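In the two assemblies presented below, chain A is common to both, partnered first by chain B and then by chain C.
Right after this comes the complex of A and B.
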């Protein structure tokens, strides 16, 4: 029984870390991988989704619908910001970093002014289950399932749908795609919207487990960037394996020596991976194939 | 002749006016508190409390006839901002006194600057104790007030196996040392201790480490809004252990922000919270809500800031209107600078320049209502004085800890 408990516990901790890394990073990875834009307002899209979710719950929507609502809202906000700001800067990637950072400052400070320093959360649903001497939260299993579902859905959207084909064509050869009649600016807007909506989904689904404050997005940022940097440009070849690798490092170090060791391990892993694989795991896999 | 007379009269009037203007020169009070960032939820109320006190004092004729002028900067929960703004208020704004700081990291960031310019600062926050510095007056509660009461009570009530999770910086580390010492002295056992970096919001593994260690209660010394996610996550994993803390409820009003029962069975020692059921507390709360109807919570730091304003007024007036630090400290050294405030009667201790407190043990119920199973009256901040810090004799500008006490002469 001890042994089973240990196995379940390790699997749960790995899954929990994996879910957090995947969900933190996926929105950032889509926008960076598909468009080459480094979106420093990523954390604020997460916050936006979380706040919208809590508002929706307060209006009486059930939690799953409220999360969808938060995700959708973040996606719409993302498309508006793409239209107004990011679009002007596609040829100036460094300036787009600065601009999105500005957006993030305005968003978190604006939220502070509008909604105050803190807001009451919604409480984690579903309860807990026990294995041996340990008890676990069911909701954490939902987070893990969501992480896998997001990866599967992204794969289907970008490989099996017409939009996905057009999007990849736009990324590979924008001028050629344009010449063949693809409305590339619309594709960019949708892609940015999808990235923002994924961030909003992350915020919405983590909202019941966290403190609602205007800067809540920043607690995701380190993990998000670490995962994208280790993973490289491709969501499937990069983000998923990177999250798995980092989750092993983080969960094992945290259970061995506590949170501090987990954080240090995460950052050390990034330094080592970047030194050995400058283009991340994506670069490693693609080179292997070639 | 008439012209001469008129000129003379005008001159006399001008003199009289300038004299009046001189007498009414405002006393400038610098206020450096976090109004945005990770700590804002707990500290915006401090600024409001200072504004409330300033308004009341000004309406009653100011301090020794001079109005208070507040110079307020938002330090954004950022230690660098504290250093910048502390230089600015002392050098450029030339304030008479500064009210500053939430986290202990921020206090230690600005304290050398206060020493350098030989200013006077009030730190109105509960903290890990030990600051022996003549430039600082501390109105917040310290470990001998919060832990020497709380930990033995918890061990008697729930058992002797203790697990501490603490924020990983000077506050958490030194507070955990206090807890460790008190647990040992009382014959208990530390079954675990974990330090959490600030900004961490995911606690699955920590929760499991706690379950594996099987403590009787958990001491939570978590700081900042991100770390507060712990309670929700521990409740959803059904950890179900009693919690003891010096910072929760009284500072971050988590019982108002989270859905019940995630904070149930939390015990906190605090010198004030808005639930304290005394006429003085009720009157204070009413004044606060009259000025700030949307204030989410009036916490102990707000009460301490309000008390500090009144103590400062008293010291300046007793010193004959002087705002010089040495004149004020001469009054403080008499040992009878006291104030009947929202939390009862409090007095400043000359040796350490810390404040005595009535300590309330607040218990959070299943529905997040507050009850007070025990009250300790008039607990003095004795540790520094007993350990050998005496600011009336020497000013070492140091922060001492139980493992690093003052060297006795």
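Right after this comes the complex of A and C.
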């Protein structure tokens, strides 16, 4: 029985870390893979989704609908920001990072001014179950399932829909796609919106487990950054395996030495991985080793 | 003769401002800065050292980012490492027998060593562009989280408690060894002159550096890394050296700040703190030392003036300033003003 408990416990911790890394990173990775832009306001989109979710719950919506609301709202905000700022900077991707950093400052401080330093959140639903002497939260299982569902959904969108085909064409050869009649700036706008909506979803779904503060996005961004750096440009070939790899590092170090060791381990893993594989796991899989 | 040869090394294609007019203006500004304590009381002078403390980190960032083209978003990591090192060293060993000065140098050396190790992995892994920015940013965020959780009594180095989120305090002020005893420099006129002197030395030193052969290679690799490599330069070494110099300057800022306020907190390495140097340097004009220096002082003064109405509003304005600069004046506001001034002056003289 003890053996079973240990296995379940390890699997649970791995799954939890994997879900956190995938959900933190997917919005960032979609935008980066498409446009080569690292959206430094990613954490603020997450915060935006979380706040909207809590508002929606307070208005009386059930939690799943509220999360959808938060995700949609973050996506819309993302498309507005793309239109106003990021679109002007497609020829200067490095400058667009700076601009999104400015947006991030404005958003987190604006939220602080509007809604104060903390807000009453919603409780974690669904309760828990026990295996042996340990108890586990059902909601964490929902998070793991969501992470897998998001990956599956992204895969379907990018391979099976017309939008996905046009988007991949735009990634591979933007000028050629444009010449063949693809409205690439609209593709960019939608992609940015999808990335922001995914961030909003992450915020919404983690909202019941967290304290609602304007800087809550920073909890996610370091993990999001390292996953995208290790993964490289492709969501499926990069982000998912990177999240799996880093989840092993994070879960084992966390259970051995605590939360912080897990984070520092992540960072060291990243620094070592980029020394060996400068283009990330995507580059490794595509045999593009430097 | 010697003066003119010295001046010649300070000028070159990599810096704005040359000739008698610029250096006269420089001398006037310096004289005003030197005379300032005569017209103000020691308390205000001491407070205003705050502005000078940050300029070293900004000049270092200008060197790494503006001249070398490497995005280092985590300069605050080196700031914090040096600040905490200074605190730990001086709380444990005091400042007697010149150890105050030694601990300043050791703290900066620790920051530089940290940068050398990190930079080795980054530059020799040929990380560049965006990834360099987010890895360095992740490093400073991880350090913030690490220091923030050191609240318990088990987190101490010798006699120095790290104190978690509240930060470390109670380290002695900057102390110079002197014949017949040490001189502790509290935020007052003496410290002001010391920091101002350091700033002049660093500013002129960096001008010589960027106008030297090293600086030319640096700008060449910023413009086109492949071309610089084809010409036979090992760009990784140049990038690493620049990164270490910039980190040491950030460390100098960290030590000066820590000894000035006699405290340092983990939030000095957080994402907001990391954004501020980027804003000063971007708004000033990252690819010129003079523009960076003026920009840093101007933006800091604006920020400080706005903080009276509430620091959250000041940060919103900083965000707007960054977005506006990137969209409307990507070279930087001060750099643009400098170019405008320069072109007016040259046209009036009818030369060049």
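The rule we apply is simple: the second predicted complex is superposed on the first by the 287 of 290 C-alpha atoms of A that agree within 3 Å, B and C clash if a C-alpha of one lies under 4 Å from a C-alpha of the other, contacts with A are read in each partner's own complex, and residues count from 1 in each chain.
The rule is simple: a contact is a pair of C-beta atoms (placed from the backbone, for glycine too) under 8 Å apart; a residue touches a chain by one contact, two chains touch by 3 or more.
All values reported here derive from a predicted model rather than from experimental measurement.
Touch criterion met: A:89 reaches chain C, while chain B stays clear of it. By the document's definition of touching, both partners, chain B and chain C, reach A:218.
Contacts of A:260 after superposition: both chain B and chain C are touched. When the two structures are aligned on the shared chain, A:20 is found in touch with chain B, with no touch to chain C.
By the touch criterion defined above, A:116 lies against chain B but remains apart from chain C after alignment on the C-alpha atoms of chain A.
Once the two complexes are laid over each other on the shared chain, residue contacts for A:180 go to neither chain B nor chain C.
In the superposed pair of complexes, A:65 makes contact with neither chain B nor chain C. Taken together, the two complexes place residues 109, 112, 215, 218, 222, 260, 263 of chain A in contact with chain B and also with chain C.
Those residues of chain A whose C-beta lies close enough to touch chain C in the complex are 32, 36, 38, 85, 88-89, 92-99, 101-106, 109-110, 112-113, 215, 218, 221-222, 225-226, 228-229, 260, 263-264, 267, 270-272, 274-276, 278, 290. The touching residues of chain B, when paired with chain A in their complex, are 36-38, 40-41, 44, 168, 194-197, 199-202, 204-206, 208-209, 211-212, 214, 225-226, 228-229, 232-233, 235-239, 256-259, 262, 294, 296.
Within the complex formed with chain A, the residues of chain C that make contact are 71, 118, 121-122, 124-127, 129-131, 133-135, 137-139, 141-142, 145-146, 149, 270-272, 275, 278-279, 282, 312-313, 315-316, 318-323, 326-327, 330.
Contact residues on chain A toward chain B in their complex (touch as defined above): 9, 12-13, 16-17, 20, 109, 112, 116-124, 126-128, 130, 133-137, 139-140, 208-216, 218-219, 222, 251, 254-255, 258-260, 262-263.
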